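So, here's a batch of structures to check.
The same chain A turns up in both complexes below, where it pairs with chain B and then with chain C.
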Partner chain A sequence: MSAELGQFALILALLLSVVQSAVPMIGAARGNRAWIAVAQPSALLLFGLTILAFGALTQAFMVSDFSLSVVYQNSHSAKPMLYKITGVWGNHEGSMLLWIVILTGFGAAVAAFGQNLPPTLRARVLSVQAMVTLGFLAFLIFTSNPFDRIFPAPLDGRDLNPLLQDPGLAFHPPMLYAGYVGFSIAFSFAVAALIEGKVDAAWARWVRPWTLAAWITLTAGIALGSWWAYYELGWGGWWFWDPVENVSFMPWLMGTALLHSAIVVEKRDSLKVWTILLAILTFSLSLIGTFVVRSGLLTSVHAFAVDPERGLFILVLLAIAIGGSLLLFAVRAPTLTAGGLFSPISREGGLVLNNLLLTVATSVVFVGTLGPLLLEAAGTKISVGTPYYNAVFIPLMVPLVAVMAVGPLLPWKRAELGAVLSRLKFAGLMTIIAMLATAYLVEGGPVIAVAAVGFAIWLLAGAIIEWTERIKLFRVPFGDSFKRMTKLPRSAHGMTLAHAGMAIAILGMTGSAAWKTEDIRIARPGDNIEVAGYNYLFEGMRSIQGPNYQAEQGRFVVTRDGEFITVLTPEKRLYMVQNMPTTEAAIHTNGLRDLYMAVGDSDGNGGWTVRIYHEPLVPWIWAGCIIMVIGGTFSLSDRRLRVGAPVRSKRWQAKSGSGQAGARA
Partner chain B sequence: MTRKRRRMYIVFSGMLTLGAATALILTAFSDNIVLFCSPTDIQNKATCAKADIRLGGLVEEESLDRGADGVTVSFRVTDLTNSIPVTYKGILPDLFREGQGVVTEGTINAQGVFVAREVLAKHDENYIPKEVADALKASGNWHEDAQTKDADTY
Partner chain C sequence: MGRKLIFFLPVLVFLILGGYFFWGLDPERNPADIPSVMIDKEVPVFDLARLDGSGVVGFNNEDLKQGTVTLVNAFASWCLPCLAEHPILTELAKRNGIRLYGINYKDKPEDAARWLREHGNPYARIGADNSGRVSIDWGVYGVPETYIVDGEGRIRYRHIGPLDQAATDEIILPLINELKQ
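Here is the complex of A and B:
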């Protein structure tokens, strides 16, 4: 019953999104207030309907209604309740529905908090948002309906892929989607601005918090995904430059560029056309990311069952969204007026360089990810792996990180590079010390790792120096510094944190890439294995029984110089319903290094394949990501950026003075 | 600083970075890409016989053999027309099974044995790497029903 209710809600939502795509847009063009006014209640209602559908599907999963095809294929009555619920988005249909819920949720947020937006702009934004929603709803209903019934209803389901039955991956998709979809708002604002024909500081002030929110969740989503890959897949790595990872990374890179260029639009009324283009491209990459994973076009180790049948629909949808918006851009962009001037050495110049490097980095990832597809059409089959990315991506990141420390110290409009560099003397000193210390402390490992540590420290020190200079630490009495610190805008703290987080993540990546130790061997109970100074005593294996799996669990006592460190219990699980084995790695961390181990198959004579890794600094990757997310959140809480808080600029008031009294923040 | 000059600076630095990136991509492509070959390709194509390649196909039934040290495994990869012996040192992915699709990366040695550095995992039983599916189609051994579980039967 509830399934039919959900189906009905979806169809209503589809019809409503048709209305919302057209009516407010026409109303804004003709200046018809009644038509413009449709946008707001419609956006809220649309959100309500999709929530209803999502609720109906969740209910079906919770009560294990196996008469629904998706529930039957992705759930099982013996599955823990948490995974019954997360199973809702652990499949194609449900995850698509979640996408739409988030999409309409963002639209509803603009409708609810956008009281002080110029009414025509808001109407157009919501209209564009509804067009995107329309495309997705049509895709969902016509090609991947989550409410399809099967008759007769089976007695039990086929269970969720065991790899997805994990807290890390349970919350990875919602985070990732919130990030992808968050960029839809920037996209809608960009398209609306193109139709409207004007972009100004107030527009940027509106776009920035949404972009920032999307960036935060995307960062968290990617970090969660790589953490999951690290501990769940049992191969000791955290990033493989796999197409599925790359398609989430591209919007992140582009979104990071957008985040920075929007600052220039807001502060200096410059780079407008570029920012619009970035907004369009970022969301286009998000769309590509969502669909490429599902289309089966690319070979990925992370691919879950895909259905190429939907490919054509997807291609048409992508062509309309991306092609249409770029066409609009080509036609309308020249009409936008250019803004303030600046010299190449200036804050703006630094941000332009940031944008340049980030977009080029995005394009090399794009070529590596989708290039093989083109070559395949020409008849050669190739695959592009880590060596390619190491060769092209790292050389682009080097100048980016180098400039990242300098940029925030540059004043707007024009700057003296020499003066700024002399303020970074201390950072330079720290960099040299760090590099020498690394070279001295670490035996072996590639030389490039020492340089990478240097760059990370340069960035970290640069971020800290900028912050201490702003609060005049050690130059005025400490109390005054403290007062300055509390008065500093939160976005300034946020930037320092985000940049510092990046530095810490780079250290983590370097450590794990350069100084990892690996050992694979057959171990028998009683064996001692020595890896990177740690001794692992294999005590034995035992069988354990989980709720929906059986496992062989090994027990390893880890000591160092005779001192007890920990007991590691890696497992080899067999999920009964799908008859699928999974590896549960055991990890011990002390913040500076991880001891990581996984067990493989038995050799049949009482021996077991074991894999042990010593991974220096690896936890710092995720620590760095968490710090970036905190920095972003801190910045988002800045009063000046708060959603709904932007002050209307004078120009808006003059032009759109239709008298709608906006709520002043 | 005039508008024109600024635009020139931006365009110039843009071209420079793009040029550098293109150069990087091209050199990286010529050095680092890996050709994908099926067992039949290895027999027929000279490009597959050297350098690093990816070999994909099905793990031949009853070909899996664990070496004396327990860590080295050998098996045969087949596209049901030709097959190639493979050795690999390490833990096989969870879903590695005889009769299932597999993608390995490595080099062919003088004895004609493919020495794999990496055996690629997949996360889902129903999933067959597209390259493997294509290799099977190319050798005329693709059977839709046999390779993918029909979703609506239970």
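Here is the complex of A and C:
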């Protein structure tokens, strides 16, 4: 019954999105207020309908209604309730529905919180948003209906892929989708601005918070995904340059560029055309990512059920959304007025360099991910792996990180590089000390790792110096500094935190990539294994029984110089319904390094494959990501981002006075 | 005019990309296919000793040039998927009368012999490749892997992973029959 309710809600949502795509857009073109006014209630209702459908599907999963095909395929009555619920989006149909819920959720948020937007712009934004929604609703209903019934209903389900039965992965997709889909708002704003023929500082001020919100969730989503890969796959790695990882990373890189270029539009009314293009491309990359994952175009560890018909449908959607918006860009962008000029050495110049490097980095990942497909079409088959990215991606990050420390210290319009660098003397000193200390402390390891530590410290010190200068720490009495700190706009704190978080993440990546020690061997109970100064005593294996799996659990006592450190209990699980084995790594962290181990197959003679890794600094990767997310959230909570209205109206009059196109009431 | 054309660049790039995407959607295309550089080339020069306790002799590259189509299968006793494909290989050898040679990959002879005693030995000859050196020359990624070698000793097809009924019926058997003619 509730499934039919969900089905009905979806169909209504489809019809409503047709209305919302057309009516407000036409209304805005004709200046018809009644038609414009349709947008807001429609966006809210659309969200309500998709929530209803999502609720109906969730309910079906919770009560294990196996008469629904998707529940039968992806759930099991013996599964813990948490995974019954997360199983809703652990499959193609349900995750697509979640995609749409978030898409309409963002639309509803614009409708609800965009009170101070000019009505025509708001109508057009919501209309574009509805067009995207329409495409995906049609895709869902016609090719991947989550409410398809099977008759007769099977007695029990086929269970969720055991790799997905994990808290880390359970919440990874919603975060990731919120990020992907969040960029749809920037996209809708860009398309609406192209239709209006007007981009100004106020426009940038509205786009920024949505982009920032999307960036925050995408950062969290990617971090969660890599954390899951780290502890679940059992190989001690946290990033594999897998196509599906890459397609989530590309919108992140592009979105980061967009976040920064929008600042230039807001503050200096410059880089407008470029920012519009970035907004379109960022969401386009999200769409391409969805396409790649769901069409079976590339091989990946993350496989959804592959169906060429679905792939074709999304490809048509891509052609309309990306092709259409880029065509609109080609026609309308040349008519946008160019903004203010600036010298290459200036805050704007730094942000342009940031944008250039991030864009090139995105193309590098793009070529690495999709290049094999293009070459395959030409008849050669290659695979692109870590060596390519190490050789091409990392050299691009070096100047980016170097500039990241300098950029925030540069004044707008025109700057003296010498003066700024002299303010970074202390950072330079710290960098040299850090590099010398690293070279002294760590024997072996690549030289580039020492340089990487140096760059990370340079960035960290640069971020802190910028912040301490703003509050005049140590130069005025401490109380005054404190007062300055509380008065500093939150976005300034946010930037410092985000940049510092990046530096910490880089340290983590460097440490785990350069100085990781690993040992893979067959061990028997009673064996002692020595890895990076730690002794692992293998006490034995025992069988344990989980709710829907059986496991072999190893017990290893870890000591260092005779001193007890911890007991590690890695597991090898077999999920009964899908007959699929998974590894559960055991990890001990002290914040500076992880002791990581996994057990593999038995050799049949009492020996077990054992993998032990010593991973220095690896927790810093996720600590850095968390700090970036906190920084972004801090910035998002800035008053200036929330209430742009009073500032806007002043600029607004000034602008319309100068006779720009698209004057609004 | 030139300035205006540049604005069309993004959409052009996308159109080209879209064309590739369309091509990539071909359901016949399997992105997981790993082509072998060995296809249609002669098997590498090798000479594998017999596997002790298996009761059959070893083989070398000359043995594969005697005018008979041979199925060469790399296997190991420690490999579970090898056990999974074992009944299919046995059927191919016993029922279809296909000549099946085995390369025993990085295995202990006593383990491999025990495995064959337990599950039956469908191989007419087995070479012991303890070091895995010969398998590398063949381009073996991991066990199990199966090659079809024609009567002149050229590798004509390679299957990665365990054979299943579908691959056997749709690819292996038709190709062998074609080669036999």
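Side notes on the structure shown:
Criterion: the second predicted complex is superposed on the first by the 642 of 665 C-alpha atoms of A that agree within 3 Å, B and C clash if a C-alpha of one lies under 4 Å from a C-alpha of the other, contacts with A are read in each partner's own complex, and residues count from 1 in each chain.
To be clear about the criterion, contacts are C-beta pairs under 8 Å (C-beta built on N, C-alpha and C of every residue); 3 or more make two chains touch, one makes a residue touch a chain.
Quick caveat, the model's predicted, so the values are computed rather than measured.
When the two complexes are overlaid on chain A, chain B and chain C occupy overlapping space and clash. Of the two partner chains placed by the overlay, only chain B lies in contact with A:V360; chain C stays clear of it.
Look at A:V392: by the touch rule set out above, it reaches chain B but stays clear of chain C.
In the superposition on chain A, A:A598 makes contact with chain B only, while chain C stays out of contact range.
Touch criterion met: A:L326 reaches chain C, while chain B stays clear of it. In the superposition on chain A, A:L537 makes contact with neither chain B nor chain C. In the superposed model, A:L163 lies in contact with chain B only, and not with chain C.
When the two complexes are overlaid on their common chain A, residue A:I345 makes contact with neither chain B nor chain C. Chain A has more of its residues touched by B than by the other of chain B and chain C. Taking the listed stretches 37-45, 91-99 or 109-117 of chain C in turn, the superposition on chain A shows a clash with chain B for 37-45 alone.
Residues 296-299, 381, 601, 603-604 of chain A lie at the contact with chain B in one complex and at the contact with chain C in the other. Across the complex, chain B is touched by residues 69, 72-73, 150, 154, 158, 161, 163, 233-235, 296-299, 301-306, 338, 341-344, 352-353, 356-357, 360, 363-364, 367-368, 371, 380-385, 387-388, 391-392, 395-396, 414, 520-522, 578, 580-583, 598, 600-601, 603-604, 607, 609, 611 of chain A. Residues of chain C that touch chain A in their complex: 3-4, 7-8, 10-11, 14-15, 17-18, 20-27, 31-35, 78, 80, 111. Note for the complex: chain B touches chain A at residues 1-3, 6, 9-10, 13-14, 17-18, 20-21, 24-25, 27-29, 31-37, 54, 66, 69-71, 89-92, 94-95, 103, 105, 120-127, 129-131, 134, 151-152, 154. Residues 277, 280-281, 284, 291, 295-299, 308, 311-312, 315, 318-319, 322-323, 326-327, 329-331, 333-334, 370, 373-374, 376-377, 381, 601, 603-604 of chain A are the ones touching chain C in the complex.
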